[in-house]
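Order of writing sets the labels: A, B, C and D. Residues in every chain begin at 1.
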C-alpha cells in the first residue's frame, strides 16, 4: 500500500502541493485514511520536470517522508509544472532507495500503488519477459519497477495505454498460469515531461482508490473566495490516491478500469482500460 | 511520545520479548494504542548487558523499528537478562542517532518517554546546570539526554532515586521560573547492569502510561498452560509503556508519582516519588 | 578536515561546478590532495540561493558525497548563481545531518574547514557566550555550528567581518584561558544571498589551504580556446579548499589572515583579518 | 574492490579482530593498501555464528564502516568463533543494504571480492541459470549475490568446492559466449557454521590478493612474547584480503587458483581450484 500524487499545471513550489494542503500527502505518510495501511513510512520519492533538462529529477530516500528534511528543503525551493510524489508502505520487499518510486528511464517517470499478488511465485517469469537489453537496468526488487520495465518492453514511449495494457495482460496471463486468482492491483501514473497518464485497474474490479481534481474554472465558480484558485490555470490538475484539502466539489473518482491523459491545451478525457494479450501486439 | 520496554530476569533472546508477543513493541512502532501518537517511527534503540562486558551494548538507528533488518538480526541472535528497548516519536527535535534512546554512560543506561514542556525556552538554563566536566559529552539535542546528564550531575551512580528527584526538581523550578505551567512529563528507566529503576511522574499528575508485569509464579498459578512461563524465573519482570500480549492478570499500573526497583533476589517494591530541591542535596 | 567550494556568478547547473571539473569536489571526497585526511566521507551538504525564495535551500546527508544519488539528481537539475558545497571528514563528532555544513539561519549560510583545538574542554564556555535567544536553535555538536552561532551573537547580519573577528577573538581568549596553545584553525565561507565572504585564519599562522579563482576576463585572455569561459560572466568566482581543473593561471592563494568579499558589480578585494576582543564591540 | 576477513577459532570479541589490530579491516575501509581502490566506504557487513542459533546473524549497513557506531557496539559486545566481515567499494551497483556482504541463506554465508566483467551484459543469462525456486529470493543487484545463488543452484550445501567450480565455469562460459575476454575475478569465503571455505581465482590468473594466517603454535614459537597468541587455540585462523598487524611470519599468500578448508580438528590444506562445466554435474 502506498499513496501518491501527480500534479500538472501552473508551475508551483512543490511544498504548496505536498505539504501545505489539509491532509497533505506528507500528512498521509503518518495518517492515511483510505489505504490498507494507515502508515506509509517505508521510503518516499518525488520527481519533477524543469524546462531546461531532458530528464526529470528524482529524489528518493528510505526513511519516512514526514521527518525528512531534505524533502522539505527541496519542496520549499523547487518549482515545477509537472511532478510526482509517492510515499511507500512496503508489501514485503526491502526498504531501499532503488525500491522507491518514482522510477525513471530517460524522460519517463512511473509510480504505482498496488501489488502483483504472490509476486515471489511469478517474478521470474515476468522478469524473463523484459527486453534483454533492459534487464540489467533493473536495480530494485519491487513488482512496481518490474511493471515499468515490462511496459517499456511493450512500447511505452510509442503507445502508453497500449503498453500498459500489454503489461497488465502479461501479469494476468502469467498469474493465471500459476493459479494466482487475482494477479493485479494497480493505480499508476506515467509521464514523459509533456503529458501524464493515470490508470486505475485491478483483476477483481475493486481497485485502490484514485481521484482527479475538478477543472479549476469550475471550482472557481463554486468557490469564488478561494484565493489560491486564482493563481493557477484552468487546466491545472491533481490526481491523488486520496483527497487533499476540504474544498467541496474538488474531487472525482477515477472509475474502475479506466485511464486518463493530462496535457496542456488538451481535452481531458477518461477512457476504458482493459489488459490485452501482450504477445500479439508487443512492439519488441 | 515514545514507547519503551525494560526487561530483567532469565536471559532470553531479545526477539522473544521485542518481536514475538502479540502487540509487541515493534508492532507498537506502527500501531501504538495508548500514546498521543500512534506511530513511533522516528528512530529506535536497544541496549543490553552481557556477562563479560563492563558496559551495555547500545544499537540505535534513525529509521522505523518495524522495517529495520539489523534490529531483527541482533534480536534473533543476542541473549540478555537485562535489556531496554525504545521506539521514538519525535516531539520536534532532529531524527538522528544521538537523539535515540537508550543513552549510555559507562555502565549506566537511560531511556525516557515524555517531554519537558517548552524545552526550547529552558534548555539553556538546564544545560548550564550540567556538571561542566560532563557538558561536552552531550551529543544530541533532546530533553531526554539532558535529563540524563542532569541526573548524572546530581549523583545518579550513588543514589538513583535521589538524583532523579533532584533532576525533576530542577526542571520543575526552572520551568516555573519561566512561567511554564506544567514543566515535566516522564516515564523513565535507568539501569546499571545489576538493577533497573523505573519512574512515573508528571507535573500535572496525569503521567504517560506505565505497567509492570505480575510476578511469574503468580501468573503461572493463574495460567498453568502457558508454556513460556515455565522457562523463566519467578522474578522475571517487564516494565512497559503499554501492555504486550493477551494474558489476563499480567499487567499492573505503575501508580502516579512512584518508582520501583527491579533486582534479582530483591523484593520488588513501589515507592513514592517526589521532585526535590536540587541545590540543597546535589552531589556536585 | 573538510573540503568546500563557494560559487558566485552566472547561474549554472550545480553539477557543472561540483561534478564535471577534473579533480572536482566530489572527486575530492574520495581523493583529496591537500588536506590532513584524503577521504572526506563523513557527510556532505550543498546550499543554494534561488531568485524567488527568502532563504537558501540546504541539502545535507550523512553518507559520502561520491555515492549519493540525491546529490547528483539535484546538482543535475538545479541552477544557481550563488551556492556552497561542503564535504566532511569528522574530527570526532557524530556523523549526523545536523553536523553537516552548510549551516543556515534565515538567509544566512555558513561553512567551515578547520577545528577548534581541544573543543571538548572549551565547548561549554563558548556555548554560554551564545545569545540565550539563539542557544536552543543549535542542533548539532560541532565546533563549526557553534562558531556560526557565536558570529550571529556578535552581529553577523550587521557586520560580517567584525562578527567573525569577535567570534575568533573569543575562541582565542577562551582557548588561552584553558591553556590551549593554538585554539583556532579555519577557512570559512558566509553568504546572505547577495554577497559571500571568505576567511582564512589560524592561531598558528599556518592555515588550511584556500584558493580563489582568477577573474574570468583575465582567464579568457590567457585561454582563448576554453569554451566554458565564454558562457560565464567576468565576475564569476570560485573559492575552494583545493584547486579544481587544470587551467594554468586559474587559482590564487588566499593569503594568511585575510578575508575577501565576493559581490556582483563590486570590486573584489582582500583585506587583513585579525581576531578582536569580543566583549568590547559585541552587538548583543 | 572490497576487503574482507574470515575468522575461525577460539571465540573472541569481534572487535579484537576487526578494530584492534594495526591496519585493521576498519582502518582498511579508509586506507587499504593492496586494492584497486584505497577507500572501501560503500557499505559493510559482519556475520557471526553463535552456539544457540541455527543461522548466523548478519549486520549490514550502507555507510562507511569507519564511522558506524552500531558496528563498534556489536563488535565490542559479541563473541564468536566463526565470523566474516566485509567492507565494500562499489563497482557501480547501488549502495544499499541488500548489496552488502555477507549474504546469507539458512546457515550459509557468502562474501566476495572481485567482479564479473561486463556484468550488465551477462547478468540476465546468469540470472536465468538460477534455480527458479531460488530466483525470487535475490534482493540486490550485485554480481556477488548472483554468484551465491548460482552456487546454491549448483549444490553448494552438498559439495562446496564443486558448486563453486560449476558457478565459476558457468560465468566463464557465459562470458566467453558474449565475447568478454576475462569474465571472472574472485576471492570468496563461504561458511556453514562448522567450516569455512576460501577461494582465490581469476580468469586472467592474476587474482585479487588473499592471505591466510600461520598456525598459531608456529607463531607462538616465533614470537614467545606475543601475549595475545597465548589466549587462542593452535587452530585459530584468519583469512584476509590484506594482512593485519605487524607480526613477521604471520601471513601466507593463498596461491592462485586454489581453495582451502578451515575446520576445527581438521588438517588445513590448500587444493587446486578450476572452474568446471556446470551443466554436466549440476545437482539441480
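The working rule: a contact is a pair of C-beta atoms (placed from the backbone, for glycine too) under 8 Å apart; a residue touches a chain by one contact, two chains touch by 3 or more.
None of the values given here were measured: they were computed from a predicted structure.
Where touching is counted per the definition, the chains common to chain A and chain C are B, D. Counting C-beta pairs in contact, the pair that comes out ahead of the other among B-D and A-B is B-D. Taking each chain's centre as the average of its CA atoms, chain A and chain B sit 42 Å apart.
In chain C, the residues that reach two or more other chains under the touch definition are 69, 94, 97. The touch graph of the protein chains shown is complete. Residues of chain A touching chain D in their complex: 93-94, 96-98, 119-121, 123-124, 127-128, 132, 135-141.
Per the touch definition, chain D reaches chain B in the complex via residues 48, 50, 52-53, 55-61, 69-70, 73-74, 76-79, 97. Residue ranges of chain C in contact with chain D, taken from their complex: 30-31, 38-39, 41-42, 62-64, 67, 69, 90, 94-95.
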